[in-house]
């Protein structure tokens, strides 16, 4: 075991160029893949938050009694898909109106209704919810929902998610192609060595294992390199966002970069090991 | 010449695996690069159009004479950074207001001013323009500019452009690394052949030229493959956008995909040729 | 970490290595013959007939020369024995393994029964002379301490002790050939197959190498040598199998040798006018 | 497109090819000697002294054997001549080129003056026998029609006509060696360097190959052959240079040969007890 590991490590020295090439190629592929996944995650997260930012406004009937309001608030809160409910009294609203539009409101009585501002936890249920609440005729006058904007944003978010998923698949495919090509070539360049080892009586596993470990190490190092790059890039990008476009900050999702990096490195290792296994098999099978 | 080309082509057959690996790797790299560039172009274009969508409203003084309005319109249009000016008479506006808010407007006289809706050709000049127009005290009452939203969008657009540029550089670097690795390995695998050719008396160019052509063809084919994929992907993405998120259509830029594909293929050829040249030199220099 | 235990880990191959050896050994025939070939033919790519209906029996402990002009099929015959090739037809039993029925995963077991000197040496280019020979021992799962003990001896036999840290690319043709021989000998295999082991050696060294082979034979190894070196063939006076155009044209045992020595060797006599 | 013109383009190498030949040939010394070596030493990697203070003069038209035990430095000496190596010290003029001053880009010019048979054959593995030999001609910019005319002859000389569409990997050792010899001979170079050209050949074929070399020599080619094949050395009775541990220990011209033949050849005599 130890000896085979040692083999794999000395192979690094023996095939300097190949090692360098394999590691950097894997690093680039995984960095691109990881970068895309992170971007995709951030974008779809931002889209989700944009949708979440939409509020539904429930306007109560003018004749509603103040005592009935807490019960109504309760009733709305209890509905499925509602995240939070905030009460705005008609006096509050009117005070604000008169402050903002002194000309338009001068000499007019307070026509504003008591209002509940409803934040939704599931934007997709918005229409259904508004329908339901609108049916409470005894207390609710009307429900205001920025339906068309919300639908637009929802559709865009959906679209982005789907396209992003497809893109991720394509990228994974691309990374697989590139990495497997690299490993295949580097095993191909050693087919004579493999042949000699077989002729000397080495079992397939005896040949395969060091190459496997080597491929795994290539993948691991490449993945780690990619993770490092992404960590750095993500950090400085985060800073840039905070400095230049602070209005985007609420839309940022925080990512556990340590975990992500680990996943990337492990993914690389898996990719490398798998790639070697597959490409060695060809040369081992020919007796 | 012809003979050397023939050499390069038969090398395709001689090194099947290498050829396949090189072409697919180059194709993947270039497709990713191209895809990123296209996305980046679309996004920054969309951001630009979003900024362009903002309008400045110029409210005229109540006492302005109708005859003075065309001159004013002329004057605004003549300003630098103004794309178009649309006139809304106070009567028009009031009519719309009364229709939309019958309760709020009933029994009030028309307080609306004559208004010019100004589309900007350069959002960056918006603040300066508004300042200037605001100074025309004799005819202009006030200027309304959605400054904060506009600034937000502008900053986001700028940010996206800069990050995109950086991303493009990183991607170009990544593609260069991957492609040069691939070509380097495939030349490395042939170093013995190159050595033999030298010993038989072949001049460096006699060795280099077929490899160069070969690298170029790899790049060309890889680039063409990438272009084809992008063409297909772009087309179906465009259709998807039209079907699912029609509200995004006005933000779409049309790209001359034929030209883009050609550029990609040519870029690939250049990359391949350059990569081979550089990596062959190493083996040629050693006597 | 104690140096002592670290050193031990470094020196021994852990028993976990045994997973790399096939679990159940295949059936071995109980035959006195080391090599039994009957009606074997080999056709490359359906075109070149390299061997035609060759039958042959080499008992264990024999020392056999395989001679014949270039392209006669000597290497092809040897490649059959270590199952680098499968015969197009015919039966073949080597060291008790029926090669026509041997499963692919048992091939390493067969090859561990033999030491092989390849015509093109077949040294691993990225390993030093020492590492090349060590590799052949590690394949058998031998503990490193034992390997370290026996290596100097075999290197000394072929006279390559002074260059043991060189890479094959840094050796002369003859030196590479001697390393290949050392690698084949190091495990004292029951069967030794040597393809042109003295092709790049000067006559003196050739004689030395042949003596090493003879010594191995005396210790019980069956030796099969393909060679053009008729001087050695002549000197050792062992069984000679002559191949020509894929057929065995002569097979002269040790007994018959003395009487028919001259006809075989005519071509090597300096005076021959060709 | 007319078939006729298409065929012509295919058959001729356009004159545009001349850009691939260096423009100005380097100064060539007007010396009668084909090879002049004086006080040449070669030290590999600062450790191994492969050649020590070797001086040597081979006039044009000579036929010289280079003999010596393995690792003596024969291949090293030959590699110097085709500038695969630069001497660590000393002066070296080959075919009129001063190798210590030859610019890298003029090296191809030097190598075109010679045909080389490498000890490890050095065939291009991805090309057939035919293509390998064609390549050596194309390097000189010869028109394809001419190449096609002379190839069969040289293939016939080494007896490889029947295998001319095979790849080197599909040939036996001796066959590869013969292809390498054919490639070296095909351009009828002024200088022929052969490293162990008969190492993998049977005695009969060896004699045939040596005759081919002698024939080339008779047509004016200077021939330098490193070999262990003392039968041939003996038979041809030419100048013999013996190298041992990097030094020239004997240099016996054709004239001196007859008298001193026996001492050189003792080691090849079958009866010698070693």
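To keep things simple, chains are lettered A, B, C and D as they appear, and every chain counts its residues starting from 1.
Keep this in mind: contacts are C-beta pairs under 8 Å (C-beta built on N, C-alpha and C of every residue); 3 or more make two chains touch, one makes a residue touch a chain.
Note that the coordinates shown come from a computational prediction; the quantities given were computed from them, not determined experimentally.
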Common contacts of chain B and chain C, by label, are A, D
Centre-to-centre on C-alpha atoms, which chain is most distant from chain A? D
Distance from the mean Cα position of chain D to that of chain B, given in whole angstrom: 61
Please tell me the distance, in whole Å, between the geometric centres of chain A and chain D computed from their C-alpha atoms. 67
On a C-alpha centroid basis, what's the spacing between chain C and chain D, in Å? 31
Taking each chain's centre as the mean position of its Cα atoms, how many Å separate chain A from chain B? 24
Going by the contact rule already set, what residues in chain B reach two or more other chains? none
Does the chain-touch network form a line, ring, star, complete graph or other? ring
The chain pairs that touch are A-B, A-C, B-D, C-D
Which residues, counting only chain A, touch chain B once they are in their complex? 17-18, 21, 24-25, 28-29, 31-32, 35, 103-104, 108, 111, 152, 155-156, 158-159, 163, 167, 170-171, 174, 177-178, 181-182, 184-186, 188-189, 233, 237, 240-241, 244-245, 247-248
Chain D - residues contacting chain B, complex: 9-10, 13-14, 16-17, 19-22, 82-84, 104-105, 107-108, 111-112, 116, 118, 122-127, 135-136, 138-140, 144, 183
Going by the contact rule set out above, which residues of chain B touch chain D in the complex? 1-4, 11, 14-15, 193, 196-206, 209, 285, 287
Touching residues of chain C toward chain D in the complex: what are they? 44-45, 48, 67-71, 74-76, 119-120, 163, 170-175, 177-178, 195-196, 199-208, 211, 228, 230-231, 234-235, 265, 267-268, 270, 272, 274
